Amino acid sequence: MLRRLARPDPRMTPSPPATPHSLGEIAAAIGADLVGDGALPVRGVAEPATARADDLAVAIEPVALRLLAGSAARAALVVEDAVPPRVLSGYLSARRPRHALALLLRLFDRPAQPPGGVHPTAAVEPSARLGEGVSVGAFVYVGDGAEIGRGTVLMPHVTVGAGARIGADCRLHPGARVGERVTLGDRVIVQPNACLGADGFSYATPDAGSIETARASGRITARNTEIVRLNSIGTVVLGDDVEIGANATIDRATLGATTVGRGTKIDNLVLVGHNTAIGDNCLIAGQVGISGSCRIGDRVVLAGGVGIADHIAIGDDAIVMAGSGVGRDVPAATVVAGFPAMPRDEAFAQHANVRRLGQMLRDIAGLTKRVRRLESGPDEGER
Amino acid sequence: MLRRLARPDPRMTPSPPATPHSLGEIAAAIGADLVGDGALPVRGVAEPATARADDLAVAIEPVALRLLAGSAARAALVVEDAVPPRVLSGYLSARRPRHALALLLRLFDRPAQPPGGVHPTAAVEPSARLGEGVSVGAFVYVGDGAEIGRGTVLMPHVTVGAGARIGADCRLHPGARVGERVTLGDRVIVQPNACLGADGFSYATPDAGSIETARASGRITARNTEIVRLNSIGTVVLGDDVEIGANATIDRATLGATTVGRGTKIDNLVLVGHNTAIGDNCLIAGQVGISGSCRIGDRVVLAGGVGIADHIAIGDDAIVMAGSGVGRDVPAATVVAGFPAMPRDEAFAQHANVRRLGQMLRDIAGLTKRVRRLESGPDEGER
Amino acid sequence: MLRRLARPDPRMTPSPPATPHSLGEIAAAIGADLVGDGALPVRGVAEPATARADDLAVAIEPVALRLLAGSAARAALVVEDAVPPRVLSGYLSARRPRHALALLLRLFDRPAQPPGGVHPTAAVEPSARLGEGVSVGAFVYVGDGAEIGRGTVLMPHVTVGAGARIGADCRLHPGARVGERVTLGDRVIVQPNACLGADGFSYATPDAGSIETARASGRITARNTEIVRLNSIGTVVLGDDVEIGANATIDRATLGATTVGRGTKIDNLVLVGHNTAIGDNCLIAGQVGISGSCRIGDRVVLAGGVGIADHIAIGDDAIVMAGSGVGRDVPAATVVAGFPAMPRDEAFAQHANVRRLGQMLRDIAGLTKRVRRLESGPDEGER
């Protein structure tokens, strides 16, 4: 028994199957060297174990290269200088295999691509402005005065707040929340249930609070009996080509804007606090937490689970290793690690030293015994 | 003044109050030993402090057992060999009290259970297929070609992408997002706002990037001036009886599928990266982050806040203790702890050694003084 | 080309621009000292760099104070005793500048404030009760028997489960999920996509499981071949003036209620486990994870990324520093830090000691050499 509403949405259909590319065409498109039959038709891309005869098998990691022997695929993408372990009809050899894979995936990606138009169940306020070719999915709400740039796709259940401005060719996945007055550049991708423009976590106490007394004296001599909210009357601004992960949150500024620079990629479940400014082309991995009022430079890499205290500055090109806790500014182009974070070599040396502690304890015990013997005099020592 | 739309949904009503069970019936149902009046009617289950006279008080923890003395309840569930501190009409004694409680809760659970049918506000694409008894809540969107197995409940505001396949008797809570082509087994539970099938966090640089140079040399000698996206053209596959926590995210694979095996339970705010494969019957606690391309065995336990680097393998039955950071493979049936994670005994010994550092510093200072005395000769030493 | 549904929602418009306040009125409203022209009209509040001539520039941090020199603003808010570096028309001097700022922001906040009424796209079950002036946004679903207090605002896409009770003057942001029977006090703020009342992460095994054997013996001697779910038949209760961050999750109790006390503020991506009770006026920062069955006192501060094991009690006014892992109870009014958490002074001493390890290794090597010399006799020692 099937029941449903008679509400066809011809726009939300998956794209038709891609037309095949020849192996030679692919080589040219992704900048790889072709070995073998360039005329071979390729209909899809897959891992060696699941590839069909007309798929291009991706074997750019050693384990995948070995699996190629048992694969049905007749073509493969491999690393430069790798020797595929069986006779394929042809293969592609790439100096930068992940970059080649990125270009390859573009050829074969078939996202559910809704053509322009507003789903009959969506609600768009009359004062909102939609550019040409915009696609508004089921149950999307677009608030008063919001602007959506041409070609942008709002998947089902997206909320766009009053006065928000979204650039061209963006894709907002289901349940993404764009708060009032938040601004997105062009080609921004927002994964499902990410929140742009929630209020900052910002409070004050009328008199000195417990945190202040602990900072000043190491002791808690005040009680937070009244907590007063600082409303966030600022906004969030994302540059072009920014990507925001699923269930990530970028809080709005108290005044002005929390900003994320052009090309920066932010993973799932990341928290960016109010007033923070992130530069261009950063990579911020899953579950990172960046407190309020930080200054993150350009091309900074924050690995998974990193935490950054408020008001911290991180220089351009710096890398913070996974799980680190950053409590002091990080100079440009340095690698830091640890909790608290310190230069990587120092952190590694410290870890190595901690592993030597058992031996140190034994050495101290041995020395103590030997000194006791020496103190007891030569006769004693001989016994 | 009350205002609302006249849109009754008779299906979303809470279930009627459960009919009472006798204490003896409950004993049989949950496999506990009955002491006292088996005919006693029990209408509900509660904590000792809030239980009414006709509730069964759950007192399987010592503190609850003590509270039983002041409880209105006339019946209780206790641990085997526990002696309830006052005369109840009867009690149930269980060898595995938490397991008995699990069975007890099934008897008294009254979830808002919508009977089959599509809410008038829902939107189901004509090509989607709904099994018998499927319940589709308010504002649910079911995309083109999606299949929903019989008896499955989609709570309000759920999104099911084009081509997704959801098994029988699943329950998807409000705001759960199921991406295009994602597959769920039978009896899967997805908590609110969880995201299945967001894109993986996967990028490449045309030339060697900062991370690569840091790995190779410890120094950053390249800049990530261009970041190229690897589209995720794969999917997510969840086995039967999987549970996914609120606001958790399971990313789709680059190719193939990110997989979660039968019976695995994943808590809130967990991140599972692209291409990762998780085995059967794992327990993955809150805020765990599993990077891409990991292989997690069967029955693995990851405690709260654990982070796992990419391409890591964790063997069957292994346990990773809370807050650990796993940077190397973990053998089967081992317990690891620490950051970086190491065998538990080693981690505990290391912590104990660090706590001895103050004494070691004093010991070294003492030895230094004694050696100096010895070096100064016997006369010097006597002073 | 613009396309949209003709569904005006006059209610969701931004508030009109605030009427200007005079500098003197502001001084009185926020309790700051006025220096200069009290009649100066102020139309907005901004940072020094972006302030216009009729804005009040906020310069309560040293860097902002310096920027005041180049600002267009003719008025500023500064810290008591600060000397603005240029001649303004007037300024406000505050003893507690952040508190003054909080009051200032209230004057100038212009939230999108929907007047009372139900959006035509919302679905409210007939048995639900809405108080006076309640605003129900687009695509909101209010379940059977739910009660919404007067003046409360439900932004678009909010879900309110059957039997939930929400107090007066609350604001639930887009995508917030309130589960069945969950209760909220008055003036509660729930940020986007937060989940109140997801099921607890609670399971049992019919026989001793791997975790139990590891706890008992340090070894894993059992396999979790069957995992049985404990249904959460309890609920969640939030007190008055509670705030819950974006994508945070508060799980319902097994029995009874998970509770958050009056005035407590919870940041984004925080996890509060089932059965946990949190006191009044706590501050719980981003990405904190609190396991099940914890007891958190009043006015407790948990800094970012803190993890707390299950069944832990934290005393009133305690502070847990960022990134700490709490495995033991914390006494009232103490500051703890580290993983595992310990008194702050102890944690700091331990860190300092670890940094001395390199020197200690050198000291031990030096002592070993000197003892060897002493053992070899005086002649040997002279060489």
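Each chain carries a letter (A, B and C) given by its place in the written order, and its residues are counted from 1.
Note that in this section a residue touches a chain if its C-beta (ideal position, glycine included) is under 8 Å from a C-beta of that chain, and two chains touch if they have at least 3 such contacts.
Being a predicted model, the structure only gives us computed values, none of them experimental.
K.L.:
Give the rotation angle, in degrees and rounded to the nearest 5, that superposes the C-alpha atoms of subunit A onto those of its identical copy subunit C.
P.N.:
With C-alpha atoms aligned, the rotation comes to 120 degrees.
K.L.:
Since subunit B and subunit C are copies that touch, just let me know if over half of their interface numbering is common to both, same, or not, different.
P.N.:
Different: when the shared numbers are divided by all numbers used, the fraction is under half.
K.L.:
Report the inter-chain centroid distance for subunit B and subunit C in whole angstrom, where each centroid is the mean of the CA atoms.
P.N.:
22
K.L.:
Two or more other chains in contact with one residue: find those residues in subunit A.
P.N.:
Where subunit A meets two or more other chains at a single residue, that happens at 139, 157, 175, 193, 247, 269, 287, 339, 354, 357, 360, 364, 367, 371, 374.
K.L.:
Considering only the defined contacts, which subunit A positions touch subunit B in the complex?
P.N.:
Its residues touching subunit B are 1-9, 12-14, 45-47, 50, 58, 96, 98-99, 101-103, 105-106, 108-112, 119, 121, 137-139, 155-157, 173-175, 189, 191-193, 243, 245-247, 263, 265, 267-269, 281, 283, 285-287, 299, 301, 304-305, 317-319, 322-323, 333-335, 339, 344-345, 351, 354-355, 357-358, 360-361, 364, 367-368, 371, 374-375.
K.L.:
Quick one: in the complex, what on subunit B touches subunit A?
P.N.:
Those residues of subunit B that touch subunit A are 116-118, 120, 122-126, 128-132, 134, 136, 139, 141-145, 157, 159, 161-163, 175, 177, 179-180, 193, 195, 198-199, 201, 203-207, 210-211, 214, 218-220, 223-231, 233, 247-249, 251, 254-256, 269, 271, 273, 287, 289, 291, 307, 309, 325, 327, 339-340, 349-350, 353-354, 356-357, 360, 363-364, 367, 370-371, 374, 381.
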